[in-house]
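Paired with chain B in one complex and with chain C in the other, chain A is shared by the two complexes that follow.
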Partner chain A sequence: MRSIQFIANLPAPWRVAAIAFAGALLISALLLAAGFSPLQALFVLIEQSLGNGNGLSEVVVRSVPLTLAGLGIAVAFRARVFNVGADGQIIFGAIGFVGFSLALPGLSGWVLLPLSMVAAIVGGGLWGGIAGVLRARYNANEIIVTIMLTYVAFQALGWAIRGPLQESAQIFPRSDAVPDGVLLGTMIEGTRLHWGLAIALLAVAATYVALRYTSFGFRLDAVGENPLAARFSGIRDRTMIALSLTISGGLAGLAGAVEIAGVHGRLQDAFAEGTGITAIAVALLARLNPLFIPLTALMFAVLSVGASGLQRQLGIPFPLVHIVEAIVILAFVIAGALQNADRGVRDA
Partner chain B sequence: MGPARDAGAPLLELRGITKCFGRLTANDDISLRVSRGEVVGLLGENGAGKSTLMNVLSGLIQPDQGDISLTGKAVSFASPRDAVAAGIGMVHQHFMLVPTLSVIENIALGDRSLRLFPLDLSGIRDRLAKVSNQVGLEVDPDATVGRLGIGEQQRVEIARVLCHDARILILDEPTAVLTPEESTQLFEAVRSMAAAGTSVILISHKLDDIFGICSRVAVLRQGRKVLDAPLDETDRDALVHAMVGDTVSAPHGERVSPPGPPIVTVKDLRLKRDNGATLIDDLNVEVRAGEILGVAGIEGNGQRELAECIAGLRRPDAGEISYDGEPIYGSMTPRRLRQMGLRHITEDRHGTGILPDQPLSENHLLGHIRNPRFNRRSWLQRHAAKEATASIIDQYDVRAAGADAPMGSLSGGNQQKAVLGRELADGIRFLIAAHPTRGLDIRTIAFIQRQLLELRDAGVGILLISSDLNEIWRLSDTILVFGGGNAFGPVSAETTSLPEVGAWMAGHQ
Partner chain C sequence: MSRILTLATALLMGLMLAAGASAKTLKVALVLPGPITDGTFNSAAHKGIKAAEKKYDIKVSIRENTKFAEIESVMRNYAKDGYDVIIGHGFQFGEPAKKLHKQFPKTWFVVNTSFVAAAPNLASFDNRWGDAGYVAGAVAALVSKKGIIGHIGGIPVPVIKAYNEGFKRGAQRMKPGIKVLSAYVGSFSDVAKAKEITRSMIERGADVVTATGNESVLGTLQAAKEAKVMAIGTAFDSAAFAPDTIVTTALVKMDVNIDMAIGLIVKGKLKPKNYVLGFNENGLGLAPFRKFESKLSAADKAKIRQLIADIKAGKIKDLP
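Now for the complex of A and B:
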């Protein structure tokens, strides 16, 4: 405790440096103990993600769902609602997208793609909205409800790709490929970088404008800061809370659809595993500001792409890679929290 | 400590206790003696200094001057723990119990003599049984506190204090939350405690409590002790007079025009507390345009609930309230009421009135988010909000760095002026003003009261809720008193008198 107090008393830049240093030490010690060179690991991590065109495009591809889900989490957080179940909403978005596009394959892509995207937003929005209504009407803790609904979603995905949505050949637990018309083409030839990036950036702009310049954004913030003051002023605070989780889920659902339409082309197990959890860190580190979310999403994408290179290049086992990744995320979150704490002291 | 046995000295003696908070003198040279086995009533309005005095006695705050002695020996309490060790136990109005623990576990909490590994509660169990027997406080030691009713929880609190060997028990408004039967049981317990030698100080607003169990009564007013007498040497009128004082009734401004048609009409209203006890039954009252209806009474007698019902935030347990002839429950929402000119200065400014971290201009938006001036087809007009805020800062003399200053950076009085400015702006027709001047300095109080009178003259209907009788008396055209589970009135301010209103406040016909 005393050392934490000591770090908290440092000026902000030093505090962040101290956390970074502690994280680096911890990771190095772990890698050394497992018989790997930390320096070499660092080199590989950077080289794999930022050192070549392919890596760079993978980073951007990875940042797209993180951005969309991060936006969703930020919207809910603005109303002080903690959506930790974006993973489930991503799954239901993807199910909505795949289910809808496979059900109406005859339509032209120009019609089917937007409609399927809407189906994805509705799917994710419903899944988030359940938690929203439970919170608004019965004051059920949204953290618990969204986590639990995520487990339900994992099972629902498993059932969908082994049951109603399983491929016609009935061999693998996956769906048929979605019609070509709903696939998001590549933006740059020879890479996997797809038009989902444009969708994500549009969503960033739309979310920013909605939160900053509209009455909706104001009401959301008011409910987040003082729900009773909002209610006494005629704002329907419970409705806003239910709505925030619905929109949050809708954005996560869109992330799921973009991931299917841009990368996988069909529904399969674990197609976006962990995106929803990482997106929490993305939103927090961006301080819930939509404009910063693509940047923090890129940071976490670098980490994720580079870390998977560690396994390929150095043979570092995946569990250890995940631990390294987790330590870096924790360090980021702690550093961000320490900076916010400083702000709080000044404001008071 | 080993108390020296001195038959002549009273058990407890407070001498010359003085305590100031800033410019406010909460206790001014107060002395009080309590003998062994005596039940002393401490009477006074809100803000008379009762709580401060008891907080001094229970070690929560230190007096600026004056001293305390127990059985003739001077003592000083640096913390509540010292006071507890000296045998002074306080039962607060809001219980300090952990709802998920059992009765016995709650009593064991904070007991430093307890062995923790392994935990042994049998000693406490024995003590509780003894105490319960002695004073007739029946409590099931293994019941979960959260499942108990209010009266039972209070018994647990009292038993806890007695288990910790209290010689002096302070009860803060013990009957405020009780049903009449529960109050009777409490009084019986207090009588047996006194008979067993425990002294009791009973803080209350209710004359019935005082006459029910006290042998002596002290009255505080504005920080001073104004009366201290054995109960059989005084009477109800004398106590009410001591509590309220000789108020010079300042005229409530010359009326410029008679009141207009009713805006808010309350019919057969019944309000209940969360535990089912009835707060107000069968209330019929109306507030007309250009009229101030003052609701006097000790807090917690249903005033907040009435305000919330009229604002569309709470459903009455029975009866009907209408605004401009339309029933509020059914078609009206708080938002619609606001658009129809209903405004609300809430009693808990921080909890329900403001966004403390946001600038003044955003706080202005909060009250007018549906006004097309600030919200054009969903697009916020922040520049308009800043202009409006700047003119309020000007007009109401709000001391703030500007429209961008966070609300929380202002003093309480300036926050209240900013809230007033927000609520009065753009189309006010009816105002609920709940304790609008509480905790403010004299200048701000005068300013706000003047504003209310000007509003009345401009034809606004006002429901003024206040526990400051003077404020009610000076501003109201019609007075309603909530006290002791009853509503008295409404009566015209011209046909009643201050002592009469004071007696109603004390729950006494």
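Now for the complex of A and C:
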């Protein structure tokens, strides 16, 4: 405990360096203990993600859902509402997208794609909205509610792909392929880079404008800074809190839809595993600024793509790869949280 | 001793370097749906790749626990990394391989337990799982005392369905009227659920159980071990896991498939077609009875031997 206090009392740049150093030390020790060279691992991690065209395109592909979910988390965090359940909202977005597009396969893609995207936003928004209403109306702790709702969502996905949405062949736990019309085509032939990137960038611009230049953004910040003061100045703080989680969920839902339409083409287990949790680190590290979110999303995408290369190239077993990834994310979250603590974010 | 080993290794590496100039080391990726320790499907593949590694000049990368959602990106990454052979171990790898193989004409794609071969560079290997089930069913019927036996499948993919059907028919052949239960877990990896289903089958009176899948098979073997009920393993000989309850294993020698695929590629003779391996091609087998050797009567053992001989000779007409 004392050492944490010590780190927290350091000046900001030193603090980040200390955390990074501790993280690096821990990872190196783990890799050495398992008989791998940390330097070689670092080299492979960078080479696999940034060293070739395929790695780069995979990095961008991975950054798309991270950006969208990260934007959602930032919106809620601006109102000091902690959405840690983006994974559940991603799932309900994907279920909405796939369910809707499979129900109306006759429509042309130009109509069906936008409608299905809206279905995804509604799906994710509803899932976030439940937590929002519970927080606003009954003051239920949104951290606990969103975590719990994520477990419900995992089970709902498992049921959907083994029940109502299971493929017609009835073999695998997955849905039928969505109609070709709703697939987001690839931007560069031979890669998996898809037009979801454009959607993500549009969402970045829209969120930035909404937060920076509209009264909505102002009210959100006001509620976040001081809900009571906001209420006395005529802002309906509870509505804003419920709304922030709904929008947050809607953006996560969009992330789910883009992941299905751009990468998987159908609903299946673990289609966006861990995206919602990583997106928290993405949003915190970007200091909740929408314009920085794509950049921090790229950073974490590099980590994720590079880490899977560790397994392929060096044979480092997956549990260890996941631990390494987790240590890095944790280090960033701590750094991000301490940064935000400086700005007076309330204790979670 | 170790110094001699080091010296020998160094010499060997020197030789390999010298040889490397002429023959190119083949880069082989084995993409598995589960862990190499599942005691069945993935263990069998692992055994095969290890054998091939000793035999041929290859460099192997193994990817375990590949989820459905990851298959395409994993295979694509290996292809982009310049791997010469990518082996997808399981039916679910067929579709992504079909999607990818034309984009990477220099790579051989090999898919096990499926029928997806396509020119110019996609070959598939299948074993006659139905025959394996048939023999397992026959053995189960002969050792069962209560006349109730059961199969717990992972996900009803074609090979598992074939095994299920063969298990029923083989049992009926040995003991007409025997009760054969069957159920699917809905997952290859859910050990707990497989265990629960097996337990409920045992409660319904089954005294011999068998299972197909990945780790899910461990659930069945565990439940049988705990309830002291006989079990028949599949694919990979895992008798050591529960020597007192595992009667034998219906071997599905995917190690032979893998060895064969790599061997053919090394010789430049692999064709983009569906290879099917049965007892005659050494693609199937029956593990030794070990502790159960004395518990089976000589007549029963003779029946099983005869059955396998008949299958080889094509005399059994109701194989699935």
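The rule we apply is simple: the second predicted complex is superposed on the first by the 322 of 348 C-alpha atoms of A that agree within 3 Å, B and C clash if a C-alpha of one lies under 4 Å from a C-alpha of the other, contacts with A are read in each partner's own complex, and residues count from 1 in each chain.
The rule is simple: a residue touches a chain if its C-beta (ideal position, glycine included) is under 8 Å from a C-beta of that chain, and two chains touch if they have at least 3 such contacts.
No experiment lies behind these values; they were computed from the predicted model shown.
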item: Overlay on chain A: chain C relative to chain B, clash or fit; value: fit
item: Contacts of A:232 with chain B and chain C, given as first, second, both or neither; value: first
item: First, second, both or neither for A:222, with chain B first and chain C second; value: first
item: Three-chain overlay, vertex chain A: chain B-chain C angle, C-alpha, nearest 10 degrees; value: 140
item: A:311 touches, of chain B and chain C: first, second, both or neither?; value: second
item: Chain B versus chain C as contact partner of A:214, first or second or both or neither; value: first
item: First (chain B), second (chain C), both or neither touched by A:173; value: second
item: Partner chain(s) touched by A:186 [first = chain B, second = chain C, both, neither]; value: neither
item: First, second, both or neither for A:28, with chain B first and chain C second; value: neither
item: Minimal inter-chain CA distance - chain C and chain B, angstrom; value: 40
item: Shared contact residues on chain A - chain B and chain C; value: none
item: Complex interface listing, chain C residues touching chain A; value: 29, 61-65, 67-70, 73-74, 76-78, 80-81, 92, 103, 155-157, 186-187
item: Touching residues (chain side chain B, partner chain A) in the complex; value: 311, 313, 333-339, 344, 346, 351-358, 362, 365-367, 369-370, 375, 378-380, 406
item: Residues on chain A engaged by chain B in the complex (per definition of touch); value: 213-219, 221-222, 225-226, 228-236, 347
item: Parts of chain A lying in touch with chain C, wherever the complex brings them together; value: 52, 54, 58, 162, 170-174, 190, 192, 263-264, 268-271, 273, 308-309, 311-313, 315, 317-318
